[in-house]
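Order as written gives the chain letters A, B and C; numbering starts at 1 within each chain.
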């Protein structure tokens, strides 16, 4: 856009604006360097033979991965993680998508209240409701079990799926569904032939986000899991907590495995969603 | 296609629909014969879409009954009625090609493959979309999408095709073209078409009979000619292009018989017009089309007004003027006038319709 | 027309109750059973302490400095961190908003959120540790020595971890609000002669304020519930004994679920007070659409 002004001399204001831009970039780059430093330190350490009082380790080895695998029983832990994450993804899809459909398509008494109830688990931090939830789960006998961990993880993920899916369903013209019915599709075939194909991208995005979030969900799993139902992130916490018992490199090797697991799914998820969607729960910007 | 459609009439009996306390549609009674093209005409919110959705089954009725010959259909589920419908924004399935969109209804009916292909081909030919058959709806222009929507509706050979303002999203030129196509397709099909629109030109040019709805109730049912020449109600007249409304007082003694001449006093000017119904008087309203209201010279009776705006329209001029009482008038003129000029306007008595009552 | 003439099914559907509406039930039951019920149960449980008195837990909490002090400790971490993150996020979001490589930057920033606090804590123990790369760099630059700077196992360790995971969160939320503002509004202001600082002050800030209030609330609530990094990177027995640690210890070390519930309720209440306070101030700002009036 050209403004109708003659070329100006460089003013104090221009210099100020330049400095402002430079300082913003400096801030951002400083942050990113430190972020990569943190990740890089874990990565380097996991391959280090011995790394004390120096910039870089004395030598490199992959032995820590072998020892971490057996020391931390990572085979079992990963198995548990997959079971928990798989169950949470499938269940939150099966429960959340139909609920989102009802919320998007119907007006009923008390809908606002229902919406509030679905919003709360996303607004209240897990550690706040995790303690009463763990108490109830332990009293009903689910505490410490795989089922307990799955149930606890569903609390934030089902509302998350609902909130991501509602705007997605709303943007599908209800007349398309009306057309399918007029041309002879009953409820089941309407779902199979029309709704499911149209909703697939949204469901995929929502479930991938659930997957990434559940792998990284520490608080709820930590509060409700027992020795046999720990996911990788909780096992990592205990390892770091008890640092000194095991070699640092061994813990870091486990951390790298965790990082790899998370990042693979993050990369897949980012093919379908915008990074901002990972924090903004669906239609956040309605303010 | 279409000659095997075997039914004689579609009857609506006192069909009604309420939304809470609001009557969206009230006592709609209508008998439609096979082969008829019916337009439901009215401004938005008049109940025409409600009526269409009730017939389609997308909305449940709250009273009355709908019969196809002697089968009651208003109790059937939407998907069991077997009608074709063309939606306002077409409502094409965005993930299906043109072919699968058109074949959708046939697939839902379990029509055998060979038969299905044949009928889809026929429908595609009818709407002249042979070259677009394998595209997705998103790759088509508005007019082409419209054709797909029509083909999808007729592929199942429905006894009844419902169209919900199907031309409202097209530009003016395309609208005229599609009108002719819709009329042609209707004749080929031989069933009943019910067409919802708020555009009186569309209704007049397409329909065999027009149903004018207002506030959920029928105002008039008639042929396009009936409605154009003899609107039964001042609202219908306004919808038929009688944009000028003048309130006055009946001069004739006693009541005036239907179709008789009547004189009335409009703010000091006496004009003669046609009464469509008996007029018990004294308050009446005259309705005049802009094309019939023209300037006259000072020794003729006419309404005095001041020109407010004036524009060239090709063959003649179109102007707006305001009476001293503040009534806005729309008129036609052969000669140019200027804003601010005084003008006396009048019309042939046969072109002035006089209705009972004051401001509606 | 009498109401009873209308079929019952139609009347139900008119009030929004039909088969489709029922699809909401499984999700509703789940949240009622696993969120609303535990919360209510915890609330009631908190009034039935081991000593049997009604307010015993709360009395105990607010008379023991080791417990009530956690409120202040947590606030002293959460408030400055949240403000810092927000103040930094707004200008960065404005710089980034129309960049072509926006996606690269947002992808990098989403990393610490996805990796989670536990992993970041483990990395920070090494990176910010006395022999870590960060302090080594500082001492090379002459900005300090490993002996004089301590960045882990104290207040600053937790503070930094809340910046590392909290800033991207705040930033991405802010960015989504910033991108929600119609570019045409800014162009309009520019054609009317507003320079970038004036545009920011007169157009963006008023439109952004409600979004920023929500961002502040969500970021604060996250920071206030800090747990793993307070244990792993802080001094969980002293300066970073945050309220969630107190609740955890009551539940899983003393097995006093009643006291733990009471602490969790206090934690929720403090969050609620701050959030409600911020959201109330929101009513002072314009809250309509930020996309220009298009009708």
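What we mean here is this: a residue touches a chain if its C-beta (ideal position, glycine included) is under 8 Å from a C-beta of that chain, and two chains touch if they have at least 3 such contacts.
If you're wondering where the values come from, they're calculated on a predicted model, not measured in any experiment.
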Remotest chain, chain A as reference, centres from CA atoms: B
Pair of chains with maximal C-beta contact number: A-C
Centre-of-Cα separation between chain B and chain A, whole angstrom: 55
Euclidean distance of C-alpha centroids - chain A vs chain C, Å: 15
Chain A residues counted as touching two or more neighbouring chains: none
Sites on chain A touched by chain B in the complex: 173, 175-176, 178-186, 189, 193-194, 197-198
Chain C contact footprint on chain A (complex, rising order): 1, 3, 13, 17, 20-21, 24-25, 27-28, 31-32, 34-35, 37-42, 45, 52-55, 95-96, 98-99, 101-103, 105-109, 111, 114, 117-118, 120-121, 123-129, 131-136, 151-152, 154-155, 158-159, 162, 187, 212, 216, 218-219, 222-223, 233, 236-237, 240-241, 243, 248, 251-252, 255, 258-259, 262-263, 266, 270, 274-276, 278-280, 284-285, 287
List of chain C residues in touch with chain A within their complex: 15-24, 26-28, 30-32, 34-39, 41-43, 45, 88, 91-92, 95, 103, 105-127, 131-134, 136, 164, 167-169, 172-173, 175-177, 180, 187, 190-191, 193, 195-197, 210-211, 214, 218, 221-222, 224-225, 227-228, 231-232, 244, 247-248, 251-252, 257, 260-261, 263-264, 267-268, 271, 287, 290
Parts of chain B lying in touch with chain A, wherever the complex brings them together: 56-58, 77-85, 87-89, 91-95, 104-105, 108-109, 152, 156
